[in-house]
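Chain naming follows the written order as A, B, C and D, and within any one chain the residues start at number 1.
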Amino acid sequence: MDQIVLQILNGLDKGSAYALIALGLTLIFGTLGVVNFAHGALFMLGAFCAVTLSRILSLSHTILDETKKDFLGNPLKVEVPYVKDWFGEAAGAAIIDWSVPLALLFTVPVMIGIGVIMERGLIKHFYKRPHADQILVTFGLAIVLQEIVKYYFGANQIPMNAPQAFFGSFDFGAMIGMDPGAVIYPYWRIIYFCFAAVLIAGVFAFLQFTTFGMVVRAGMADRETVGLLGINIDRRFTIMFGIAAAVAGLAGVMYTPINPPNYHMGMDFLVISFVVVVVGGMGSLPGAILAGLLLGVLESFASMRQVLEIMPGINQVVIYLAAIIILLTRPRGLMGRKGVMED
Amino acid sequence: MGILEVKDVGKRFGGLQALSDVHLNVMENTCHAIIGPNGAGKSTLLNCLIGKLIPDTGSVMFQGQSVLGRSPFEINQMGISRVFQTPEIFGDLTVMENMLIPILAKRDGAFEMNGWSKLASQKDVNEYAEKMLEDMNLVDKRNMHSASMSRGDKRRLEIAMCLSQDPSLLLLDEPTAGMARADTNNTIDLLKQIKEERDITIAIIEHDMHVVFSLADRITVLAQGTPLVEDTPENIKGHPKVKEAYLGETA
Amino acid sequence: MLGLNKKDASLLLMVAALVAFAPILLNPFPEASALAQFNAGYPDLMQRFVIFGIFAVGFNILFGLTGYLSFGHAAFLGAGSYAGVWMMKLLTVNVIPAILISTVVAGLFSILIGFISLRRSGIYFSILTLAFAQMSFALAASVLTPITGGETGLNLALDDPRILEGGNTTGNIPAPNFFGLEMGDSLQLNVAGWLWTFNVGYYLAGVVLIIAFYTAIRIFRSPFGLMLRAIKSNQHRLGFTGLNTRPYMLACFVISGMYAGLAGGLMVAMDPLAGAERMQWTASGEVVLMTILGGIGTLIGPVLGAGLIKYFENIFSKINSNLLHEWFAFLPDGLEDFVVTIIYPFVGKGWHLTLGLMFMGVIIFLPGGLVELGQRIRRVFSKKDANQHTKPAE
Amino acid sequence: MAKSNFTRRGVLKTGAVAGAGVALPTIFTASSASAYVNEPTGSSVTLGFNVPQTGPYADEGADELRAYMLAVEHLNGEGDGGMLNTFSSKALKGNGILGKKVEYVTGDTQTKPDAARASARSMIEKDGAVMITGGSSSGVAVAVQALCQEAGVIFMAGLTHSNDTTGKDKKANGFRHFFNSYMTGAALAPILANEYGTDRKAYHLTADYNWGYTTEEAVRTSTEAMGWETVAAVKTPLAQTDFSSYVAPVLSSGADVLVLNHYGGNMVNSLTSAVQFGLRASEANGKQFQIVVPLYSRLMAQGAGKNVAGIYGTTGWHWSLENRFGERYTGSNAFVQSFGQKYGFPPSQAAHTVYCQTLLYADACERAGTFNPCGVVEALEDFEFDGLGSGPTLYRGSDHQCFKDALVVKGKENPDSEFDLLEIVDVTPREALVYDPAIFGGELGSCNPGA
């Protein structure tokens, strides 16, 4: 029982990461009709916004420490971040410590900017082109973005830490009235889950309760008619692309303490996020969220050793198996609309 | 006995009774029109006839065989061809290729891996397609991308494609919808000509009275999902019930 | 000729000529010149051009004709490869049985996957094929290790049974051969500084490519092919025209899968190792990219696309800073370093960057892929031609 | 700049242009022209450095490439000579190999067996490489080794740790200097028993592929021999990025040690998850919970950051080895000096192993007096040497595996720099690591010169 609660919690937490990426992907699918293979790269760029900010915050000058030696036997160079000079040792350390949450503020404008530039500069010209062309151009773009990041940050993973205050784990089970020690869960993953929930709710509220969102939703349903009404749907779609990029970017920032980012992390998520979007049903935002959480939970259950003993290797295929079963029983995924990307 | 017999057909969508108690008897070698105001259930009925929808009650018999539960291709093979409201052709292909497809489909049945085997008869197929295009005055456009033709030409091509299969029954779903007057008249002339030249039964769903009265031998009036009356055009014109339900508003 | 019209016959002849003279055409630079780095006329790469050409041609029969985008085609190539290696392990290192069994196994595998996946269309179909391929990859790399060799791949071993030849446990594993002609054997011709390598394996694969290409032309031009194109154009209408699209789609899918299996069989014939990563989605994605890059639905496009991507992968990745310095040694030192610094990020470990830029460039400027480039060039020439003769229009 | 290393083409240029005047086509098949494949006929010899340049191991590949270039410099008599000065065999004179200048070509393995083989074949077929070396995974090493055996060139493996490379997939033309899973288990177990006691309960997370299997088996066998108990062993998909669902149940499983049989990104992510879940801060069975990482590399330590602090594992070599344990490891400091002078940071274990491999190959050619693979194989088999920074070492003839001391390391609590993340706990002498080559099966076959 404890194990099951633990895995459900873990699955929801993992699923929220899938859902967050799939959300942006569906927004772009639904509003613009574009298959965006560069969406994973946007997630990765978000993570590297956090890396960049932490690098900026820890910009250092070096002083020589005569008491220690480096590997060549010379006096050791010790790096002292400027922020420590300016704000004092403790405050400086705290600023560096909080670089990931600070990066959220930094990332939103950067990612919206990147999104808008991408849409205006490239994607816009591909609205009328076949999906195959969109795949090729966005895949090319994803490679280029990745390689640029690799050029500056290397191929290796870069450790990023959550603030010290959120380090480690706490007894989640005891909080909900279970035996102490049964469900121990890390702070940061719970925070990630809550963050994802808030962000998803925010996007839904934005689409549901603002006139802007209403027009965009109408545009998702029937682009031509909305265009005929004299509304400049293109400009709104540009903004929508920016928002999708920002959502992906924020997901990336918050993900960095969970797994150290590297230039390839977007590609790792690309396939799974496409599966999530399609299983959820093309063009359906709630579908994407539901599918993300569902696949996350399934993946967690499949990784339990009690399950693996019965079905060895199920953890390798569970997501794909679930996708196949869902698509065969529900022709348009969980909540898909008819006629979207069916031909 | 009719070639197409619809008995007791009913269809419900959720709370809406789209069709109820529909009886229809289309006689061989006639042109039978189904008319009715918007929302009368014309399209639903048509979809029941071609297997796209399965009615909740009743039967649809074509030449003594039930069409219900059959997939579109099987219904086509029974001898029913359909012309759509907006012309459905193969837009990416040339006019000639469009013409070849139904002929080959008729020849090969539902499936044939005909890479090599039937090359000998390819010449006959081509000649036949050529002739059909000539009949329809489309032969100059044979190498044109069919998507770039005018709506009238697309309609002619679609009708040609249907006729090439020599169907026993031709179903037309508002064949002149959205057409310019000249195109409409051309289409009427074309259909008249077809009626005269071929042993063919035509069932037509139409909104435009001009078209209906130019072509139909018999007319069924549908209102609120039920047939109101079935009679010859002359009788329909003066029928009080029809006037009340439908013509009253327009005439 | 051979039931082809004039245009198709000349295309086939052109492909045959390209295959025949590739060892010469792909080595345009003398062996000793600095530009020899750009020569592609060595057996391994030529074999890859041809094999991936077959793979892409087969993929295009599905994608180009019907518009069904399979994102799991590499699974068939992988399944074919495994079958081929097992044939060489168990029966004989003669490549013919291996190639045949590869094609058959891939065909059977594609019947299974196609039967299920084709119940859906559009992106739902793509994701189903992707899911099947990813499952195949994941299982081959882990649970199925006894059959597939796992992540290290399945390769030949000295103590394999090789029933027809009798196993040996000393000496070396016999090399894959075509009735005694080893795939690795080459005839090298050294003419005035140019080194041309005529490789047995390459020509075997080349002949298979020509046959495969001919078959593809026949499929494209057949009534069957017309029906497939009709599916892409308007599947709805086709149903009402009396055609059951399902068996057509399945037949097409299986043919396409068999092409992939054939490519897989040839791959292990040239180089007897089958690895699981051949089935990964990136490998499936690669053939999609090859086809789009070359020109969807064209006959020659996929072959060109395959060639271009493999060229980048094998030639650009091998350029290192040392070579760059050598090339630009004629420049003054400062300028030389500058030029090398500019170029270096795009070659060697940066070859992916160049590849990505090329994808974008081609698709932005040449919507029809490389074939469109060819058409444009031809148009420019024919215009010139027309001007010279001042022919009247028409 | 490095203009001095002209490739084979650069040198051929003059010869061929002169020869072009004769212009008689010369026809020869691969077998008739020479005694072995790619026999160097000019004044130079080409080596093929096949390392991952793209993909997640690109940085490791880059470090290998640095070491290769350093080795080429030293072989050609440039630079400070590095470990040439400390190497026990004095056959190399700094004038290339057998008087021929050493040149090299590079390729990208992409850490995929197919791509690695393509790259190696192009080096053999196009560039005339007489030896291929490099790689950063066992899958690639096994695949390229098999290719080199078929093609008839020597393969000097880079970083590959699976037992299979010199076990069931061993080949006569292939040699491995790096240690393997078996040795990891043998080196690690006594120290773990010493540090954590002999009544521990271990929980294994194992990457679901060949290397993972052999490592899990090695660590299990040797720790169980010390009295440990294995509670569970769960296989994790290679493509997994988030290991939380595997780590979450560990704490309540009754285990008190978590063994992560993961490499590279897998290990970075699983260790990060394990630390997040507070395993290291917990107690189980009345003991402090511990995590063990059988195989460490510097890149992994860098990727996992401060999460590695205090975590035990093994490594093939470390730049501080000679400083810590003195003269037995002579050569270490010479290598660190010349690498550090040139590149500004200390070399990794991958750099060390590939540098040694290059020198060992060159030395074997010198001693054999030929580049013929069969001669090289003979010279390397049962070759006993010293002075390459790992103490006295034996290249065992029966499976072409090197036997040298293995290092047990742990993550530093307060690292001085990003290259100083590991500290050596102890060194296990090579005598303790020896095993019977028959236990892994496989056949070496005989050397293949390709002709």
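Convention: a contact is a pair of C-beta atoms (placed from the backbone, for glycine too) under 8 Å apart; a residue touches a chain by one contact, two chains touch by 3 or more.
Every value quoted in this text rests on a predicted model; they were computed, and no experiment measured them.
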Common touching chains of subunit C and subunit B: none
Spell out the chains that contact subunit A while also contacting subunit B. C
Taking each chain's centre as the mean of its C-alpha atoms, give the chain farthest from subunit B. D
Suppose every chain is reduced to the average of its Cα atoms; which one is closest to the average of all protein Cα atoms? C
By C-beta contact count, A-D versus C-D, the higher one is C-D
Using mean CA coordinates as chain centres, what's the gap between subunit C and subunit D in Å? 33
If you average the Cα atoms of subunit B and of subunit D to get two centres, how far apart are those centres in Å? 74
Subunit A to subunit C: how many Å between their CA centres? 34
Listing for subunit A: what residues touch at least two other chains? 312-313, 316
Residues in subunit C with touches to at least two other chains are numbered 138, 142-143, 352
Listing for subunit B: what residues touch at least two other chains? none
So which chains end up touching which? A-C, A-D, B-C, C-D
Where on subunit A does subunit C make contact in their complex? 35, 122, 125, 129-133, 135-137, 139-144, 146-148, 151, 271, 274-275, 278-279, 282, 312-313, 316-317, 320-321, 323-324, 327-328, 331-333, 341-343
The subunit D residues in contact with subunit C across the complex are 1-3, 5-7, 9-10, 12-17, 19-20, 23, 25-31, 33, 53-54, 58, 61-62, 104-108, 112-115, 117-119, 121-123, 125-126, 138-139, 142-143, 146-147, 149-151, 162, 164, 169, 208-211, 213, 235, 237-239, 442-443, 445-446, 448
Within the complex, subunit B is touched by subunit C residues 3, 218-219, 222-224, 226-227, 229-230, 232-234, 236-245, 247-248, 251
Spell out the part of subunit C that touches subunit D in their complex, as residue ranges. 30-34, 36-37, 39, 42-45, 48, 138, 141-143, 145, 150-153, 155-159, 169-173, 175, 184-193, 197, 271-273, 275, 277-278, 313-314, 317-318, 320-323, 325-326, 329, 333, 336-337, 340, 348-349, 351-352
Which residues of subunit C touch subunit A in their complex? 63, 67, 69, 116, 119-124, 126-128, 130-132, 134-135, 138-139, 142-143, 235, 281, 285, 288-289, 292-293, 296, 345, 350, 352-353, 355-360, 362-364, 367
